Each structure stands twice: as structure tokens, then as C-alpha cells.
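After this come two complexes, each holding chain A, first together with chain B and then together with chain C.
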Partner chain A sequence: MADVRLTSVGKIYAGSVPAVKDISFTVPDGGFCVLVGPSGCGKSTLLRMIAGLETITMGEVRIGDRVVNTVEPMDRDIAMVFQNYALYPHMSVYDNMAYGLRNRKTPEAEISARVAEAARILELEPYLKRRPRELSGGQRQRVAMGRAIVRKPQVFLFDEPLSNLDAKLRGAMRVEIKKLQRHLGVTAVYVTHDQLEAMTLADMLVVMNQGVVEQIGAPLDLYERPETVFVAQFIGAPPMNMIELTPTKGLPAGLDGVAGLPLPAAGARLGIRPEHLGVEIDGDARIETRPGDVRLALTVEAVEAVGAETYIHGRLGGDGQMIAAREHGKVLLPAGTTRTFTARREHLHLFDLATGRRIAH
Partner chain B sequence: MEKRSYFAGKLLPYALLMPQLLVTIVFFYVPAGQAVYQSFLLQDAFGMSTQFVWLENYQLLLSDPGYYQAMTVTAVFSVAVTTLSLSAALLLAVQADKSLRGAGIYKTLLIWPYAVAPVVAGVLWLFMFQPSLGMVAGGLRRMGVDWNPYLNSGDALTLVVLAAAWKEVSYNFLFFLAGLQAIPKSLIEAAAIDGARPTRRFWTIIFPLLSPTAFYLLTVNIVYVFFDTFGIIHAVTHGGPAGATTTLVYKVFNDGRAGGDLGGSAAQSVILMAIVIALTAVQFRFIERKVNY
Partner chain C sequence: MVENRPLANLVSHLILITGVAIVAFPVYLALVASSSDPTTIANGQLGLIPEGHLFENYWKVLFQGTERSTKQPMIVPLFNSLVMALIISIGKIAISLISAFAIIYFRFPFRHTAFWVIFLTLMLPVEVRIYPTYKIVADLGMLDTYAGLTIPLIASATATLLFRQFFMTVPDELLEASKIDGAGPWMFFKDTLLPLSMTSIAAMFVIQFIYGWNQYLWPLLITTRDDMQTIVIGIQKMLYVTDALTEWQLAMATTILAMLPPVVVVVAMQKLFVRGLTETEK
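Presenting the complex of A and B:
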């Protein structure tokens, strides 16, 4: 067991812009760290640097108490699950799992014991003699997991392991991965672009954008206190509404109650999550107004009712920007009607217009 | 899943098969049938009379020690050329697959020899190794090696093997390189993390995944060695000295064209055809089973 410590890690490909810039964080022993961000943000590069598949241009990567910058992948005591599973097509499931142990000259008796144990945990026992091409996507995924766990590594690395599965299987495998990691107590670093996967798996979430870390923290902390506009809009679905407030240009029409906010002279962005916009229905004020609340007049353009909740898309002040609201239950407003939506003071997020950083208020 | 096409009429499918069937019939079945028929005939030296002799041509052939020598030469020649050209091509392809500076130029240069006609290839090698004029031969002589492909049968065989293998390396190289590039990079990375060092990675992962390519090339190379090396042998040694480089196909030409024994030559070509068909069948039956697709 070991922690993973990154200090000022950077990667520059020859004659190109930096892919990863000055990244430092520590994944505690037994922790589940998820690197999340849009494609091209450098998350996979960072993972491959931890694995030893990419050279480290700057900084230092430690696994346990050892600096591994120049250590070969095989000697880092890691196991990796690839996006395309990377199973050896010419070997049986058994041989796929045994390969890493055989390379390390493990006695055959111990190999078969370890493979049997992994097959039992992953419910792969009936398939040990099959070739990967005779398995379904979910089974291949489990073989890839099995290949990782038989080695009993100090760190698991996952490179978008679920993105080739269909939505239903992805949900089930997500739960299994989390259970397995808890059960084995192994440190894990997991890369994904799916924010739902990131939120549900992580103890520690690292949001990356254009090669830099935007924010690190527990998933719900990031949801509740995003430090940047990017994090605010990346975490949560539908994404957080952003309204530009520039005092010199005048406030957008249909927006009420922002006078008390500490707006910088240069302007700010006001962020409101869709689920924090409550609608008043037919004069029956379900929402009692408190001082400091912000009220938005939205003209409804589209209503998506999915049963347990309803998504309402409307224009601010009739012809302003589109705002999304998420209501409990069925709220079937006809298109074209104008309603007032209220957001509580404590649910408002303010970001500096120029830097995109959070402003305390 | 098998894909099947259905046609409304009966004529269309046959019409679509026609061009391929015509080519096969005109260029294979008709000449092959003619060879079989001719192998039962005996013609006098001036082509004045022809006699039907049943299997006499075959009997004569199978009691001719020269024919067995040609078989041995062919066996040695084909094993040597195939082994040499396949292994050299694999080595070059593995090197070219690495990301090197100028890899593109390197690959292009390696493909050129394939565009050289067999006779030209033979003459090229002859120029280098001709005992009195050749540069390499001169170098060998100065090093004290007694090199003479005109007199020494081992030297002659070595020279034609080198020329034939050199010409086939390009073709094999192309296929091996394509095969290597088709192996997903993540497989190699997974093996690296699984603790396999480069040599072990090659033999346990890369080579088994290349085996379909290698199998295909083995079949193509054997057919090449049996038939297409004629030009090289004809240009370099004329089958000599003393039949040391007379392969089966060269003997067919020599006995039929130069020796005027059309019946015997036809019988040889029938046997040669049978050998190649048998070899190909054996390859598909036994080697293909061990190949991982």
C-alpha cells in the first residue's frame, strides 16, 4: 500500500505547447482519486506519466517513499486498466491474468490460486478457458480488472475503463469498481470525462482544464463551492447558469434583487444551479421571499418532464439569455408564459468576470 | 456472421463470376491440362512424330538421379531463401516500426528492391560477386577467401540464395510492417506494465499476433521460390555448376527448351504442380491451426 505524491509535475512534447503544467497533489494511501476534465485537458497524459508510459519533463512523481521518475513501468508496482481493455487476444482469460505473474517468475501453484481468487471475486470462473473475443464487453472489462488485481499492486490506474460500455452496464460496473477498490484497500487513480462517474467514484476529485488543475477536493465540496467558472459549469447537469453582471453596462432585464451583491467594478458572473431556481405557481407563493434572494422573470420556451423532475428552459426577461431550471415533480408550464423563479442568497455563486475565480460574498 | 447476397435471376451471378473464371480457365486449367496430356506423349527430336507412351515419361524421370538432385537443391534453396528473407524482413520491420528520425526514407528505400525484375536482380548480384570483376568478390579474394560461383557449387548456391532472398525481403518487410502497425499500442504498454521486458514482449505478444501475417508470407514465399526465382538462376548460374543450382522449375525449362524433351519436361511440371499444391494444402491444414487470428 502506498500514497501517490505529485510535485510540480509538467509535460512538454518537443516543439509543442505544454500538455500538463505544474501539477501537485497527493492521493492518500487507499484513496480513490478521479482526474476529470474535457478531452485534451491532459488528464490521460498525467495518468500515463504516473504509469511510466510517458516521460516526466518536469517535477517529481513519488509512489510510497520512492521517486519513480526514471523507474520502468514494470518496477513501479502499479496495474493499469486501459480504455480498450488491451487484453492479449491470443491468450485465454486464465493466461491473460497469469501473464504478469509468470513474467515475475511466480510459482505456478500460487498463480493458479491467485487467478482463481480473482475469478471468484469478478465472477469469471466459467470463462477462464475462453479467448477475449468470445466474451461480451462487460466480461472483457472484468478480465482487465482481474489482470490488475492478481498482481496485488500498490496502485491501480484506470484510463476511462467504462467508456466502451453501454449506459446500463457502465452504472453497474461503476459500483463494482468502487466496491472492489474498498475491499482491496488499494490506492486508485482514475481518469474519466464523465462527471457523473467522477462524482460517484471519487474521494478526491481533481478537475483539469487545458493542462492545469482547476480545483481539487471532495466531490460535494466542488459541487457546493466551485472555485472557478470552469468547475462550476463542468460539475452538475444541466450545467450551472451563468449571468454576466457588469454595473457599467446596466443589469440584464428580468433580473431582480442583485443590488445587495458585492460586485467588483469590472463586473462579475452570477452562477445559479438549475435545481436552486424555484418557481411560483399561479400566485400561490410556494416560495416565501426573503431579503437577499434573487428573482428571475423567465419566459418559458421548452419544458422537459421526466417524471420525478421537470426541466424548464426559459429566456431571461423575455428575450435575454437561456436559463435552465430544475423542479421537483411535474411542473407543466405552457410555452410562452412568464414566471418568476427565485434563488436563495446562500445558493448564489459569484465569479470574477476577468479571472473566472470565485468571489466571497 | 456470414453475409449472403441474393440474386433474382440465375444469369447474373454466373455473369459476375465469368471474368474470374475465364482468367483461371485460360491461364491455369487449359495449360495445366495440356501439360498433363503432353506428359503422356513422346516426341522425336525433330517434332516429326508423336507417340502416346502412357507413364513412360514418369518412369524415366523417377529413375533419373539428376531429378533427385534437383529435388534436393530445391529443398535446400527454398528453405534457405524463405528463412533468410522472412527473418531479415521481420528484423527490418521491427526496427522501422520504432519512431526514428527519417523512418519514412528508410521505409521507402527498403521497398525499392521489390520493383527490380528477377533477371536484373540476378545480374546485380552477379556483378558484385563475379570472381574476376565483382567488387565483393575482389574483397573476398583479398581476405583470402577462395570464392568462385562458377566452379564451386556451394558458392553458386549461396549467391542465388542471397539474390533471391534480397529481392523478396521488400515484399515481406511491407507486410510485416503493416502487421506490426496493426497491433494496438496499448497491448504493448499493458505487457510492459505486466513486467515483460522488450525481448519477452516480442516473443510472447508481438510475434504471436504477427503469425497470421507470417503464415501468409510463408505460403507466398514458397510459391515464389518454386517458380519466380527462375530468372535469377538463369541470369546468374544457368543452373550450374554441374546442376548445383538446378531447381525443379529450372530443370523443367532446361530439359524441355534446351533438351527438347517436351514429354519429360511436361511430366516434371505436373509433378512440380502437385508438390506446390500439396505444400500449400499442408500449410493451410496444419500451420493455420496454430495461428491466432
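Presenting the complex of A and C:
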């Protein structure tokens, strides 16, 4: 077992701008690290540098206590699961899993024992003789997992392994992967752009944007204390509402209670998550106002009721920006009505207008 | 299109049958002629019903040869053609696979130059560079040898291009998975690329076997000894007789014999060959 330590890692593809810039973090032994970010932010590039499939332009990658910058992929003691699985189409499921072991001159008896074990864990026993194209997408995915686990590597690398599956199967496999990784205790680095996957799988979440790390931390810490506007809006769905507050220009109409906030002279962004905007429904659920709360007068434009919760989209002060709110249960407000939505002081996020960084308040 | 209309069926069958008949009739006629008595064709009496001299004619042409022209048993040129076609097709496939592999999977200086030079040779078939090629083969003392017959024909841009095209469609992740699984370049070639290319190889084999089998100009130049002749030249020579009648029944028997190996190759490879053209296993 081993940790993965990145020090000032950077990547410049021949003749283009840097894809990854100066990234440092350590995934502890047995930890589950998820790299998340929008398309093109360099997640795959970073993962492939750890795997040894891309050269490392700058910095240092360590696996355990070994610097692996110039070590061949096969000698890094890693296993990788690809988005398209990359199973060998002409080999049976058994041979797909056994191939890497055979190349390492593992005795045949040991190979069949390990493949049998992996097949048992992944419920692939009935399919060992089949070719990959005779399997369903989910089964192929499990073969790819099997190929990774039979090797007993020090690190698992996953590049969007679930993105070719339908939503239901993806949910199930997500749980499987987490269980398997816990059970085997192998360090994992997992790339995804699905924030639900990121939040549920990670012990350690790395949010990337345009080749740099925006924030690293436990998923709920990132949700509760996003350090930048980017992280605030990337994590959580629907994304956090951002209201620009520039004292010199005057505050937006319909916004009340921001006077006590420590606004810098240059201005700030006020972030409020949709789920933190509460509304009073005709005396049903009374919200008593406390000092420091912020109140928003929203004119309802659209209401989406999905059963357990309701999404309300309304304009701030009647004709201002669109704000989303998320309420428990059924909250059926007719379009055109204006209501007051309340956000507690502890749920307010404040970011510097120019730098996008969090301001303590 | 899945339709089931009797009239459309009938019409399409008629068209197909006509097509088959146009192609097959001359072959049938050759078969009939190869079973005839020496005098039938000379007298212009060849009918559509086979006569009884089939085995006699084939035996004679294979092991004794004609009486009036070459007088050589045709088993020898048949064997030469087979060797030539096999060396050419296997040689072409082997070299093309390796060069396509180098071009796609290795980064070396002048990689693109190498590719374009190979590509350029498409414009220089043997017929165009026949004199210099003959000179080289002659200077190397390879006249009247299998090496002289085959080596100049082995270099092939077509097969290299085909395999290059195919390799480019193989997902990069397969190479990467192999790397992680501890396979070096040759193991990747042997364990993954070759099995995946099997259908393309079969298609190439069929095409190149027929190409090699049908060679005429090159063997004509490079062979002088009777025992190095190929079957196409053998047939041609059989037809030249002075002051006597051509033994058409024997020439036709040879023609039929000369058609058989390509047919066998096509039939044997058909399943793979058709898959190679239609289905990809990725």
C-alpha cells in the first residue's frame, strides 16, 4: 500500500498552453481522491501523468516512497480503468483479467485463483468464457474493474469509469466501487465531471479549473465553505445563487438585510444556496426573522415540483436577476406572485468581487 | 430493405441469374472443351455437353504435357506459380504489417517522410520501373530463381496503407491498457494487434494471392528456364505451334487447373474475408 504525492506537477503538451499548472497534493494511503472539474480542465492529463501514460513536464510524482517520473507504467504498480474500458476484444473475460498477470510471469495456479476471486467479488463467474462484445455495458465495466483488482496494485486510477452507463446502473456501480476500494484498502484516484459521483465517492475532493486546483478538501467542507466562486458554483445543484453587491452602485432592489455584511469598498458577491432560501407559505411554516438574516423579494416565474422538493425560479425585486430556491415538499406558488425568501446569516457566503476568493464574515 | 413481393423477387432473380450466366458460361465452355477429343475443337464441333476425355486430358496435361508445343508436364509451372503467389502474399503482408506498425506506433525522426515515400511507390508499379528492377535482379544473379521472381513484387504500398488505416482505428486505450498490463511493443503487436487484424490479413491474403498468381510480365522477363516458368506463361506458350493445330483441349484443361488455386483460396478465406470487409471487432 502506498500514498500518492504530487509536488508542483505541471504539463505542457508540445506546442500548446499548459494543460496542468503547478499542482501539489497528497492522497493518503488507502484514501479515495476524486478529481473533478469542467471538461478540458486537465483532470485526465493529471491522472495519466500518475499512470505514466503522459510524460511529466514539471514537478514530481511519488508513489509510496519512490519518485516515478521516469518509471514505465507497468513498473509503477498501478491499475487503471478507462472510460471505454479498453478490454481486449479478442480475449475472453478470463484472459482479459489474466493477461497482466501472465506478463508478470505469475504462476498459472496463482492466476486462476486470483481471477476466480475477482470474478466472485464482481459476480462475473458465469461470463468468464465470453468475449467482451457478448457482455452488457455494466458487465464490461465490471470486467475492467476485475482486470484492475487481480493485479493487487498499490494505486487504482479511474478515468470516468461510469460515464458510459445509464443513470441507475451508475448509481449502483458507484456504491460497488466505493465498497470494493474500502474492502481492498487500495489508494484510489478517480476522475469525473459528475458532482454527485464526486461528492459520494471522495474522502478527498480536488476541484480543478483550467489546469489549476481551486480547492482541496472533504466533500462536505467544500460544500459548506467553498473558497472560491468557482467551487461555490461547481458544487451543489442547482448552483449557488450569486448576487453582485457594489456599494458605490447601490444595492439591487428587493434585497434586504445586507447592511451588516463586511463589504469591501470594491464590492463583493453574495452567495446563497437554493436550499438555504426559505419561504413562508401563508402561515403554514412561519419563518421568524433573526438579526443578520438576508431577505429576498422574489417574483415567481417558474415552479418545478418533483415530489419530495420544489424548485422555484423568481426574479429579484420583480425585474432583477433570476434566483433559484429549493423547498421541501410541495410549494405551489402561482407565477407572478411576489414572496419574501429568507436566508440565515450562517448560510451566507461572501466572495471578493475581483479575485473571487472567500471573505470571512 | 426487407421486402417480400413475388414480382420483385422474380425480377431480381432473373437479373442475378443473367449476370451469373454471363460470367459462368465461358468457364463452362472451357470445362466442356477440356473434356473433348483432340479432333472435336479442330473440326468446329464443340457442343455444350461434356465429352468423355476429361481425366485423360487432365492427366496428360499435368504429367506429360502437350505433344506439339511445349511438351512440359504442367505440374511444374503450377507448383512454381503456387510458390510465387504464396511468397508474394505472405511476404507482402508480413512487411506491410511491420511497416504500418512502425509508422503508427513509434515516434522516430522522418516518420512522416517514411510514410510518404512508401505512399509514393504506389505511383511506381513494377511495370513502370521494369528496366532498373530487371537490371538489379540480373546483377544480383537472381534470374531464374524464386527470389528474383518474388522479392521485387513484395514491396507493397497498398497493404501498408490498409494496415495503417486499420491501426489508426484501434483505440489508443488498448495500447495504454497493454502498457499498464506490462506488455512491451512486440507483445502488444503479437497479443493484441495481430489478432485484431486477422480479418484484414485474410482479405489482404486473398487479394495478394490472386495478384501474385496472375503475374505475367515480370515472370516472362525474369525466367528463361522451362522449370522456372509460371502457369500463366505456360498456358500462353502452349498455344504457339507451328505447322500444326493447337491442342485446345489441353490448353483448356490447363486453364481450368490454373483457375483452381485462387478459387480454393477465396472459398477457404471467404468467411474471414467478408467479415474483414464488413465488421470490425473492437
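General remarks:
Basically, the second predicted complex is superposed on the first by the 358 of 361 C-alpha atoms of A that agree within 3 Å, B and C clash if a C-alpha of one lies under 4 Å from a C-alpha of the other, contacts with A are read in each partner's own complex, and residues count from 1 in each chain.
Following the convention adopted for this analysis, a contact is a pair of C-beta atoms (placed from the backbone, for glycine too) under 8 Å apart; a residue touches a chain by one contact, two chains touch by 3 or more.
This structure is a prediction, so every number in the text was calculated from the model and none was measured.
After superposition on chain A, the partners chain B and chain C are seen to clash.
Within the superposed three-chain model, A:P89 lies in touch with chain B and with chain C [touch as defined at top]. When the two complexes are overlaid on their common chain A, residue A:I177 makes contact with neither chain B nor chain C. Contacts of A:L53 after superposition on the shared chain: both chain B and chain C are touched. Shared contact residues on chain A (touching chain B in one structure, chain C in the other): 51-53, 72-74, 78-80, 82-84, 86, 88-90, 99-100, 103-104, 147. Touching chain A in their complex are the following residues of chain B: 184, 186-187, 189-197, 200, 204-205, 208-209, 292.
Chain contact summary for the complex, chain A toward chain C: residues 51-53, 72-74, 78-80, 82-84, 86-90, 99-100, 103-104, 133, 147.
Remark: chain A residues 51-53, 72-74, 78-80, 82-84, 86, 88-90, 99-100, 103-104, 147, 151 touch chain B in the complex. Looking at the complex, you find that chain C touches chain A at residues 171, 173-174, 176-177, 179-183, 187, 191-192, 195-196, 281-282.
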